[in-house]
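In C-alpha cells below, several structures.
Here come two complexes built around subunit A, the first alongside subunit B, the second alongside subunit C.
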Partner chain A sequence: MDPTKYLLGYLLVVLLAVSEAFPMSLSAMVGAALLVAFGVSDGVLSFSEALSFIDLELLALLVGVMIVVEVVDRCGTFRYLALKVVRRVLKRPVLLLVVAGLMSALTSLLLSDEAALLLIVAILLSLGKAGALDPVPFAVSSAIMVNLGGTGTLVGSVPNMAIGIRAGFSFAEFASYLLPCEFALYGVTLALLYLYYRGKLQSSGGEAELEEIEVSRVDVAKGAFLLSLMLALLIAAGIADFPASAAALASAVVALALAGFDTLEVFQRLDWDTVFFTAAFTVIIGVLERVEALKGLALWLQGAAGGSLALASLLVLLVSGAASLLLPNLIVALSFIPVVETLPFADKRALWSALVLGANLGGVGLPVSSFVIVMTIGALRREGYEIDPWAVTRVGIPVTAAWLGFSAIYLLTRFGLL
Partner chain B sequence: MNIVYNAEVVSGRMAVSEGAPAAKLVRERAAAAVAYAVVALGFYLMSLFLPHFMSGVRIPGLPDPVARLDWLLWAFLFLLAFAFAATAVYDAMRAIDPLFALLSRRFGRAAGPGKRVARDLAYALLAALTAVALAPLTEPLGPAAPLARALLGVGALLVLILLLFDAAKTIYAYVREKVEETVSKLAR
Partner chain C sequence: MEELIEKRFKSVEGKYQLERELVSEALGKPCIILHVQLPEGCEEYRELFEELPHDEEFMAELQEFIREALRRRAGKLERRENPS
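Coming up: the complex of A and B.
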C-alpha cells in the first residue's frame, strides 16, 4: 500500500491549520473525511472502524476538565486570587516579574493558555494604564511562562491528556515524572527572563489603583472547592484504578450541580474547536497507523537510536520540540503517539515523558509558533505599546533552547539513562 | 455588513466599479467566467462537427492545409473557442482576489503574503485530493464513468492552476515590493 495520498491528506490538515484557512476543527474534519474516503475505497478499513479510532476516553477527560475549569472561572476564583497576589508585590518589580510568571504558569496548569494569559495580561495592562509600570517585559514573560505552565500534569494541556491516556499514566504517575521538571524549569526561565529584562523592570506601584472585582467570597470558595475536588478525584483514580476520564466527568457533574450557573451557557463557552479537532485528528492518526504511513519516522528513530533508550528519548524530545516550533502542540503530540508506541522498548516512561516535554516546550521559539505570544503582542499594541515580534523571538529562542537542554538532562537523570 | 474589496482598475468589457463589495465582484466575475467557458465549449464542439460538412471543398491556388475549407472552418472555430476559454480563465483569475477577501472574512483574520501562499497551496492540495477521493464514486455510472472522471480531473486541474497562479502572483508581488524597498534604501 502506497501511503503517499494519506500523507498528503495529513499535510493538507497541517497547511489548513497553520495558514488559518479554516478553524482547527474544520481543518481536521476535512482531512479525516478525505483519509477515511481513501481508506474505504482502498479496502483497508470500514466506516465503522474509522469511527472507532475516535478516542472517547480522551474526549471525556477533555470535556470534563473543560466544564470544571469553566465553572471555576465563572466563580471568579482565578481572578480574585491573581489580584490579591499582584497587589502585594506591586512595588517590587523583580518580585512582580517572578509572581506574574508563576501565576501565569500555575493558572495555565488548569485554564487554557489563552484564558490564563488574558487573565494575567489584563491585570498587567491595567497597571500600565495606571502608570504603575511598563507592562511589556512583564506581559512577554507571562506569555512565555504560560507556554511552560501545564507541562507537568495530566490535565495541564490537551497534548498531555492525549499522551497520558495512551501511555496509561495515572494523574499521580504523570505528575511524578514531569512536575519536578516543570518546577525546575520555572526557575531556569525566570532567571533567563530576569537577565534579559533586568534593565527594563520598573514599577512605581504606589499610585496604581486596580479595579475592584465583584465576586462573593462564597463563590470564590466554591470554585476553590471544586478545583480541589477534581484534583482529589484525579489522584484517587490512579490509586483506586479507575479512569481519569471518569474522575473528570464526575467532577464536572458535581461542578454543574453545585455552582448553580446556567448549564447551557457553560456548555456554550467550552472550547468545542479543540474537542472536534481532537476527535477528527485521532481518526486521521488511526488511518495513518492502519496504512503504516508513520512507520518511516518510527524506523528512522529506531535506527538512529540504535537500541539505546537514552538516545531514543533525546531524539523524541528534540524532534517533537523542533516540530512544535512550527506546528500546533496538539498536532505534534497526536502524530508522535503512534511513533513512540511502535518503538521497541519495554519501559517507555522516558519516551512518553520526552514526548510531553518536546510537544509542550517548542512553543515560544518563534512568534508564529505560539498563539499566546501573538495574542500578547496584539494586546500590547492595542494599548499603544511598541513591540517588535522579533524582539520576542530574541527572548523566545534562548528560552526554548534552555528548556530543551534542561529537559534532556532531566530525562537522563530522572529515568537513570546515563 | 458588506466588506468592500479594493478592486484593481478594471477596464473594458466586464468593468466593475472600484470599491464594489467583494461578494458582488466574485459573483460577477465567476458568472462571466462560466458564461465564457460555456461559449468556448460551444465553439469547440462546433469545431469538431461542422468542418465535416465542408470536407472535399478546396480553394484553388492555395497550399494545404489553407486550401481546405474544412480546415479553415476548424481553425476559425478553434481560435474562437480558444479566445473565449482564455477570457474565462482570465475572469476566473480576477475572481480570486475578492474571493480571498471573502474567505478571510468568513474564516478569520486577513492573511499576509506567507499565509496567503500557504492557503493557496492548501486549497490546491484540497482540490486534488478531493478529486482523488471522489473518483471511485463515478464507478456506478457505467459507460459515463470515464467522462465523469475526466470532468472531475479537469475541474481539479483548473482550480489547481488558478490557485498556483495566485500563489505565484503573491510571491512575485512580495519579492518585488522587498526588492523595491531595498533599491530605494540603497539609492538614498
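Coming up: the complex of A and C.
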C-alpha cells in the first residue's frame, strides 16, 4: 500500500490548521473525511472501523476536565487567590515577577492555558491601568510560565491527556515522572526571565493597594472543594484501577450539580473546537497507522538511536520540541504517539515523558506557534501598550532552548539512562 | 503576524473582557469595556482616534461625561419611582 496520498491528506490538514484559514476542528474533519474515503475506497478499512479510531476515553477525560475547570473558573477561586497573593507583593517588582510567574504556572497546571493566562493578564493589566506597574514584562513572563505550567500533570494540557492515556499512566504515575521536571524548570525559567527583564521591572503599588477584594467566599470555597474532589478522584483512579476519564466525568457531574450555575451556559463555554479537532485528528492518525504511513519516521528514529533508549528519548524530545516550535502542540503529540508506540523498547516511560516535554515546551519559541504569547500581545495592545512580537522571540528562543536542554538532562538522570 | 495577533485575540476577546470586568469588580473597582467605532465622516482622523484611550485629558473628560450621565439616569429613575 503506497501511503503517499494519505500523507498528503495529513499535510493538508496540518497546513490548514497552521494557516488558521478555518477553525482547527473543521480542518481536521475535512482531513478525516478525505482519509477515511481513501481508506474505504482502497479497501483497507470500513467506516465503522474508522469511527472506532475516535478515542472515547480521551474525549471523556477532556470534556470532564473542561466542565470542572469551567465551573471552578466561574467560582472565582483562582481569581481570589491570585489577587490576594499579587497584592501582597505589588511594591516589590522582583518578587512580583516570581509570584506572578508561579501563579501563572500553577494556575495553568489545573486550569486550561487560556483560562490561566486570561486571569493573570487581566489582573496585571488592571493593575497597570491603575498606575501600579508597567505590565509588559510581567505579562510576557506570565505567558511563558503559563506555557510551562501544565506539563507535569495528566490533566494539565490536552497533549498530556492524549499521551498519558495511550501510555497507560495513572495521574500519580504521570506526575511522578514529570512534575519534578516542571518544578525545576520554574526556577530555571524565572532566573532567565529575571536576567532578561531586570532593568525593566517597575511596580509602585499605586492606588490599587487601597482597594478591597470583593468576592463571594462561598463560591471561592466551592471552587476549591470541586478542584480538590477532582484531584482526589484522579489519584484514586490510579489506586483503585478505574479510568481517569471516569474520575473526570464523575467530578464534572458533581460540579454541575453542586455549583448551581446554568448547565447550558457552562456547556456553551466549553472549547468544542478542541474536542472536535481531537476526535477528528485521532481518526486521521488511526488511518495513517492502518496504512503504516508513519512507519518511516519510526524507522528513522529507530535507526538513528541504534538501540539506545537514551538516544531514542533525546531524539523524541528534540524532534517533537522542534516540531512544536512551528505546529500546534496537540498535532505534534497525536502524530508522535504511534511513532513512540512502534519503537522497539520494552520500557517506554522515558520515551513517553520525552514526548510530553517536547510537545509542551516547544511552544514559546516563536510567537506564531504560541497561542498564549499571541493572546498576551493582543491583550497588551488592546489596553494601549506597545509591544513588538519579535522582541518576544528574543526571550522565547533562549527560554525554549534552556527548557529542552534541561529536560534532556532530567530524562537521562530520572530514568537512569546515563 | 499583525493579522494573526488580531485574529487570535479576537477569538478570546469576549472571554478577556469578561475576566477584566470580574477582576476590576473583585478589586472593588467595577469597569465596563466599550467598543467605539470611528464615527462616520471622521476617517481622516483615524490616528487621532486610536490615540484617544492613551490621552489623559480625554479620559478625564470621558469620566466626567459618565459621571453626568449616571447622575441624569439616577435622577430620572428617582422621578419615575417617586413622581410626586
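Going forward, the second predicted complex is superposed on the first by the 411 of 418 C-alpha atoms of A that agree within 3 Å, B and C clash if a C-alpha of one lies under 4 Å from a C-alpha of the other, contacts with A are read in each partner's own complex, and residues count from 1 in each chain.
Just so we're on the same page, contacts are C-beta pairs under 8 Å (C-beta built on N, C-alpha and C of every residue); 3 or more make two chains touch, one makes a residue touch a chain.
It should be emphasised that the depicted structure is a prediction, and the values quoted were computed from it without experimental measurement.
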item	value
Partner chain in contact with A:299 - subunit B first, subunit C second, else both or neither	neither
Which superposed partner A:9 touches (first subunit B, second subunit C, both, neither)	first
Partner chain(s) touched by A:22 [first = subunit B, second = subunit C, both, neither]	first
Partner chain(s) touched by A:34 [first = subunit B, second = subunit C, both, neither]	first
Per-residue touch tally on subunit A - higher for subunit B or for subunit C	C
First, second, both or neither for A:1, with subunit B first and subunit C second	neither
First, second, both or neither for A:374, with subunit B first and subunit C second	second
Touching both subunit C and subunit B, counted on subunit A across the two superposed complexes	20
Partner subunit A, residues of subunit B touching it in the complex	103, 107-109, 111, 115, 118-119, 121-123, 125-126, 128-130, 132-134, 136
Of all residues in subunit A, those that touch subunit B in their complex	5, 8-9, 11-12, 15-16, 18-23, 30, 33-34, 37-38, 41
Contact footprint of subunit C on subunit A as seen in their complex	20, 76, 79-80, 83, 114, 118-119, 121-123, 125-126, 130, 208, 211-215, 367-368, 371, 374-375, 377-379, 381-382, 384, 389-390
Complex contact set, residues of subunit C against subunit A	1, 4-10, 12-13, 15-16, 19-20, 22-29, 31, 53-54
